[in-house]
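Quick heads-up: structures coming right below.
You will see subunit A twice below: alongside subunit B first, and alongside subunit C after that.
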Partner chain A sequence: MSENTCAYRQSKEEVAEWLNSPEYREMNFNRKALSINPSKACQPLGALLCALGIEGCLPFVHGSQGCAAYFRNTLNRHLREPVPTVSDSMTEDSAVFGGQANLIEGLKNAYQVYKPQMIAVFTSCMAEVIGDDLNAFIANARNAGSVPRDFPIAFAQTPSFVGSHITGWDNMFKALLQSLADPRHGRWTNGRLYVVPGFDAYPGNLREYKRLVSAMGIPMTMLPDATEAMDSPHTGEYRIYPGGTPMAELADALNASGFIFMQRYSTVGSYKFVKNVQKINTEVVTMPIGINNTDKFLMALQEMTGKPIPAELEKERGRAVDSAIDAHPYIHGKRFALFGDPDLLLGLTGFLLEMGGIPAHIVCTNGTEQFRKDIQAVLDASPFGKDCGVHVGRDLWHMRSLLMTEPVDMLIGDSHGKFNAKDANIPLVRIGFPIMDRVNLHRSPIVGYQGAINLVTMIANTFIDQVDCTCPDRLFELMR
Partner chain B sequence: MAEQQDLKGYASRAMVDEVLSAYPEKVQKMRAKHITVKEEGCASCSIRSNAKTVPGLMTARGCAFAGAKGVVFGPVKDMVHISHGPVGCGYYSWGNRRNLAEGTLGVDNFVPFQFTSDFTEGDIVYGGDKKLEQLCREVKALFPTVKGISVMSECPVGLIGDDIESVSKRMSKELGIPIVPVRCEGFRGISQSLGHHIANDAIRDHLLAKKERPDPGPYDVSLIGDYNIGGDAWASIKILEEMGLKVRNIWTGDATVEMLQTAHQVKLNLIHCYRSMNYICKHMEEEYGIPWVEFNFFGPTKIKESIRKIAAFFDETIQEKAEAVIAKYDPLMQAVIDKYRPRLEGKKVMLYVGGLRPRHVIGAYEDLGMEVVGTGYEFAHKDDYDRTFPMMGDNTVIYDDVTAFEFEEFVNRMRPDLIGSGIKEKYVFEKMGYPFRQMHSWDYSGPYHAYDGFPIFARDMDIALSSPTWGLAKVPWQKDAKEVRK
Partner chain C sequence: MFVNLSKLNLREECPLSDKGAPKLCLKALPGEGAERSCAFDGARVVLMPITDAAHVVHGPIACAGNSWDNRGARSSGAQLYRRGLTTDLMEMDVVYGGEKKLIQAIVEVAAKHRPKAVFVYATCLSALIGDDLEFACRQAQAQVPVPVIPVNAPGFLGDKNIGNRVSGEVLFQQVIGTAEPEGSHPFAINFIGEYNIAGDLWGVLPSLEAIGVKLQSCISGDARFDDLRTAHRAKLNILVCSKSLTNLVKQMEKKYGIPYIEGSFYGIHDTSKTLRAIAEAFGDADLIARTEDHIRQKEAETRALIAPYRQGLEGKRAVLFTGGVKTWSMVTTLKELGIEVLAGGTQNSTPEDFLRMKALMDPEAHIIEDTSAAGFLTLIKEKAPDLIVAGGKTKYLAHKTRTPFLDINHGRNLPYAGYNGMITFAKAVARTVFSPVWEKMQKPFPAGGDVP
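And then the complex of A and B:
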């Protein structure tokens, strides 16, 4: 790109106007090195969320303490919950000599003070760049008496310069199984279906999965289950380990009767591990957002377990359909721009299409080429999806250009989208992670039939609110 | 029990030692030096600070990157700040310090942005210098009105040995704007604090005194160490301008590159956050003979003291106006006190924050009849504690880099009425039933500085303490339910 294209633009007004132009969009899409407002975090944050889902598990960052502070802050702000995590506070001397001494001392202190049932160690990029050997270090820490020899420790390599937070979730999940699940004996199963949520910062979603699977009469374990860590009751008492999947059920995971993964892209490695290495009946579904995706989820459960879908869920489905039909005129034909994690986008796109909404721009910073194909297939299956642009590896400054040159009616994404929405003068419906400027959204499910009702309600009412807030007095009326 | 209630809120060395006894012996000894209980008549107690955090213990501390980008450079609005390295550091420091700024996004305000070189494996293997070069060109092309670029290096950049200094120098020449390399890798130092120092040095070397203003005046001052969180700097400027002073620069809330470049021309530097910005004030004093004065704009008592302290540097015109400002706001502040003091009188507060607040806000609490019985800093140095001890009462506890465990245990034993700390502590203490305010970010409220801030501060403390929601925690049908606070 030529840096002289706009050297003549002096006045701020001119530049502000130019930022909205097709010419600028082209230039913006041609940038190669600069990333502006990327919609992705780094691996260890995902690893942390994953580790929070095991009962009595203390997340432990092997690396700089600043990283741990940042991960905790970000999760605190979205969840409005405590997030216990320690770090072994590596500094310059570790950069020179490696982080083993910090890990040995850190494990000892953490074990004694916070009395965890297990520790999940994951790396920050500093430890990765200097090439710390976690396997050896942890063995040495055990030998040095930092923790008892049989004390469970899972560890994952989570370099921040590879993938994103969803990769980190995946790596930690696989590490939990590899480190702490006894190998499958193959002759028997524990009779339970293991439900794997993937990177999902909605405790409401996790509760919904458990409710739906239980309604099917299927004995299940959610692994990992961060529901309580993400949404613990106020009792006047702080519990550092508010709940989660019991250690015994993690240890027994590879004897499951089946595994169902609720997300595809945040579980790529774990899914392969479970399916190929352990030969367990394993399914992955599209995140059940909307009616069709929820149907497919329940049918997958039915197929895996032979349990029929109960009448109760059929009625619930009917109510969700009713809500969709009641609200469809407010959504049909409206144009949407979406951004977020790949699994979320895949589910949401299916939902919008079934409502007659038109996805116009999909920006997925941490998407892959496979994701592009998968979401294109979803779009191609509906006439409402035919003109949608899918932008993989792009960021929210690309999104801004898209919104300015090809306007839409609504932006859907996390709180970071609020500047885009304001510039484009459209509403933002907050879905995804992190949501830092609204309360309690993460407590309401966006998955399952109830989630579909919630989404329909949020989106339709936002459009209706917008009419009320912007229409002239003569068009201001009681009914909408 | 009665005895305990009498002692409520006050600390003793025995309490501290009991809490520390949970640690391994070596850690116990180390941590004991970081915690002190102020004894009667002791003006300056001994406390160890600015030392490494103990590995494996939960700390609230951040890193040099957080200090340099998150605190100092981030609020400079017409500059693009590149988080150079993997995506995370830039992402987590994106928009989270509530630095408000005037301006048009993408034109003369880049504060709400996250610019990063988003390192991938290839960059780690081959180095990021080429990418940085191209990236600077792209910044200038896409944002032609940008006034400067800072290159904030993350851990890997330092570890792989990239030469951001020479790239910055070269690109600065090519693009005709200052490009400032900031060596703030997170592994440097032991907390945010080194990042502040590094950032101050970068400003000194690359920006300060690089430009002359045509119109220096006798009442020109700089407001230093105010990051305009929730509009703090705007509230502070209001007082200073009413005093007749001309605030030419803010460092770095709502700041511009030009402000940093021309700051050597003012008559007086007014410093609020001493910890993060004392370095540059000392430099300007040595190099340009500009005197500097610490002030405190939290709560009417300290504001009044500070106004007079600042006015004393100027002539009678300013001093008269200063008195007029005090006279104008005194009754307004009294009305705030009259409204809230009856509800807040006697309440005990424990603080744990960074920068200036562990001591600066004490006066504001006292104006409301509240007492600070414990305080501590995330990343203070000895000079911060020297400034803090005289403000604390007897039998109060002062803790440096307090761990989550220690803080929770102190609170359990001292049972304060209100806790002021950060987001990482907030939900822990709220779960325990303690009223809480985030004192880094004002809990999404603010401003808290100056006369505009005090009514908001008072209201927010009252909201925290007097909320009927605390009363809901007790389960009414459980007769034996553990009595929760309130």
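And then the complex of A and C:
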């Protein structure tokens, strides 16, 4: 209490200064119970994004209604698109008697009002705590005539108090396969590679994956494919279901000739299910951010399918390398702080290192010990990575202390980082989810060679802009 | 789908009672949509703009992870309220209970962040696992020198309005009347239900200053905790958003004898009307005269400034889909720009709001009953409005159907209150309706290569 009381006596200015001090940093890192400015969302939000990727699919939140409104709001703001979702609005009665009545009525109303081809049901924490049995409830809803008996419904348990949005994405994805994919037909395959994006709120990235795989001449299905749901062309008509992976291709998923997962941490359970349980030829790659990671992705494709990397992609690589060379003076030796989802951080760190950037602080709220090891291995492989601190399970208030005591030149992360960037007086380059205060960033890929060019452009030009805005007249220059 | 206003007798169907949630805020049907938020959100709406307090969410990451600093309520001073503070309950907490973690969290935040008070919010999860919020707050209170205030409005209580009411109750029971102001002002007032979205409050303050009225406290836009404690010494309450803080003004009237009037600061007409009502409530001849002068001057000024916009907008038709005070106040505001309201609806208004709206609108206009996305799309198709005035969740539906859209809820960046706000509003409406994006680009691709 002594130090606490001391804090009370300080003036506003003193407090501000104290918040920036190494002593405060230590106290801040000893914080146990309180999370301040967290950088993660909950499971059902991830499940919702996953479900949006199936054609004609209506995401359905089994739980109290506020959750669904929050998810919609967050996704609306990032994607600037309508996001169809319903909730069965559980209230106090449901807490006492269970949510079955809500689910039965909810499925009936949703089926009639929104005319989906399938419904993906997932839980919020309320339903999880009272222990609702989705399997039985859905069977009872079918018996009660809420939906036709053979109407496809996938369901996933996605408690908000376990994991984060990436766990929810994983759980929903696995549930889609378990509930709606036909069993495997022995050794026969449909000859298609299934590409699984993981929790990725950039339609630009999904388009880029499809373009790259198609350029390799590989027949593919993206599963799930939320590209259109996240970024549908304007036609003057609102379509509730603007596209996505066709139901038939979801049903045929377990007959794939192979699966490639574009992220590790948002697909942990699904990866195991596909590879170990279904025994399908499966690869997982580091999110292909930067040139090396993209090379590895294309080589994995080559190895899985035997298809050579076409000259067209080699030329594209050459352009990306050229852009990296042109921009290297602006990035080399600059210090960076990064935060976001584990897969994104793994890819971005590789990219920064290959540009000669110095990652100084990495904060991953929803990272695991395995993530810590994996990213440490990436850092250890480069002399530029030797002094980087990796902070798993920490929040953006921890990040603030890091920035104040060991300053960097740039912060990279989603919009929530803008408070830190302002306090530390450094630029924030917005990468990740959610981005609520800039337009169109999610439409440009940050993966593949084109993504590398985009990243180089964003980062280098932000530094150049900063010089133009802050330099004295005698250093103001036409060329930079 | 629609109820014709002239056929709907709201008084019969929705008795205006003091107790319980407003009857018109029908419960959301399971499966109909995800338009409405929850009681927890309603509580945050009211209390979060208390800028120098810490707001700790006792729950899983869902509730605070998605909602910190998401409402655009601005502060002229402290920024503490914008911080996302949560106990981020995880599986082990669910098994063993989260009370200890909560107590520790309150102590941590009170010690290190120098709040004037700590508001602690229950969520569905913490309520269901049986954490005793009041008990935890009392325990924490023994260790920290600032008030620790439990807010028991878990999401499953129902709609947003219920959360608003709970917050009003919390303020009345635990905050208002706990301190005395320095000195007194003959014309001290409170605003109730003004959240300073995008700086709305600041658009009204110049008028108050001009007529010599003092704002004792604003509940709760740009509020400082200590000002709220002295709110009981105001002479008059102005209920700005009648949505669900009606309970608060009524209780303040009973206990402290503070009369209340309702008012709105959207549009010239309502701004003037409310200022006039304030002056008349005090009954001071000088104040009334000053107010009339101010109104005359500002109305003339404002009308002159919006005239060019009105000229273009005359005869346009709008659909209004919002909540609370805006349901009726926006009808008048749009009329001032020559815009007719074809249909109006709300998810969160009180019966009083509806009655007012009804009185203002053309008897043939419709009330939107079906608040789902599906219902909304049918409405757009049938009415083909020139403009939709609504909140963020409707925005992209409107955009997809090529209907000019103006955000009136908390997603906006511009203040629309007061006389200056009206000018901003007129510009924003004109910019929305007359954008070339609605015209040129919606033509189909010229197939024959024949660009007009």
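To be clear about the criterion, the second predicted complex is superposed on the first by the 471 of 480 C-alpha atoms of A that agree within 3 Å, B and C clash if a C-alpha of one lies under 4 Å from a C-alpha of the other, contacts with A are read in each partner's own complex, and residues count from 1 in each chain.
FYI, a residue touches a chain if its C-beta (ideal position, glycine included) is under 8 Å from a C-beta of that chain, and two chains touch if they have at least 3 such contacts.
What you see is a predicted model, and the numbers here were worked out from it, not measured in a lab.
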{"item": "First (subunit B), second (subunit C), both or neither touched by A:61", "value": "second"}
{"item": "Subunit B versus subunit C as contact partner of A:16, first or second or both or neither", "value": "first"}
{"item": "First (subunit B), second (subunit C), both or neither touched by A:106", "value": "both"}
{"item": "Which of subunit B and subunit C A:463 touches, first, second, both or neither", "value": "neither"}
{"item": "First, second, both or neither for A:238, with subunit B first and subunit C second", "value": "both"}
{"item": "Partner chain(s) touched by A:261 [first = subunit B, second = subunit C, both, neither]", "value": "neither"}
{"item": "Intersection of subunit A interface sets (partners subunit B, subunit C)", "value": "1, 3, 5, 7, 15, 24, 27-28, 31-38, 40-42, 44-45, 60, 63-67, 69-74, 76-77, 80-82, 84-92, 94-95, 102-103, 105-111, 113-114, 124-126, 129-130, 159-162, 164, 232, 234, 236-239, 397, 419"}
{"item": "Subunit B contact footprint on subunit A (complex, rising order)", "value": "1-3, 5-7, 9, 12, 15-16, 19, 24, 27-28, 31-38, 40-45, 60, 63-67, 69-74, 76-77, 80-92, 94-95, 102-103, 105-114, 124-126, 129-130, 159-162, 164, 232, 234-239, 397, 416, 419, 423, 436"}
{"item": "Parts of subunit A lying in touch with subunit C, wherever the complex brings them together", "value": "1, 3-5, 7-8, 10, 15, 24, 27-28, 31-38, 40-42, 44-45, 60-61, 63-74, 76-77, 80-82, 84-92, 94-95, 102-103, 105-111, 113-114, 124-126, 129-130, 159-162, 164, 232, 234, 236-240, 397, 419"}
{"item": "Complex contact set, residues of subunit B against subunit A", "value": "22-24, 27, 52-66, 82, 85-89, 91-96, 104-108, 112-121, 123-124, 131-132, 134-135, 137-142, 144-145, 154-156, 158-160, 175, 186-190, 192, 403-405, 408, 423-424, 426-433, 473-474, 482-485"}
{"item": "Residue numbers on subunit C that touch subunit A, as the complex places them", "value": "27-41, 56, 60-68, 70, 82-91, 93-94, 100-105, 107-112, 114, 124-125, 128-129, 143-145, 155-159, 372-374, 377, 392-393, 395-397, 399-402, 411, 441-442"}
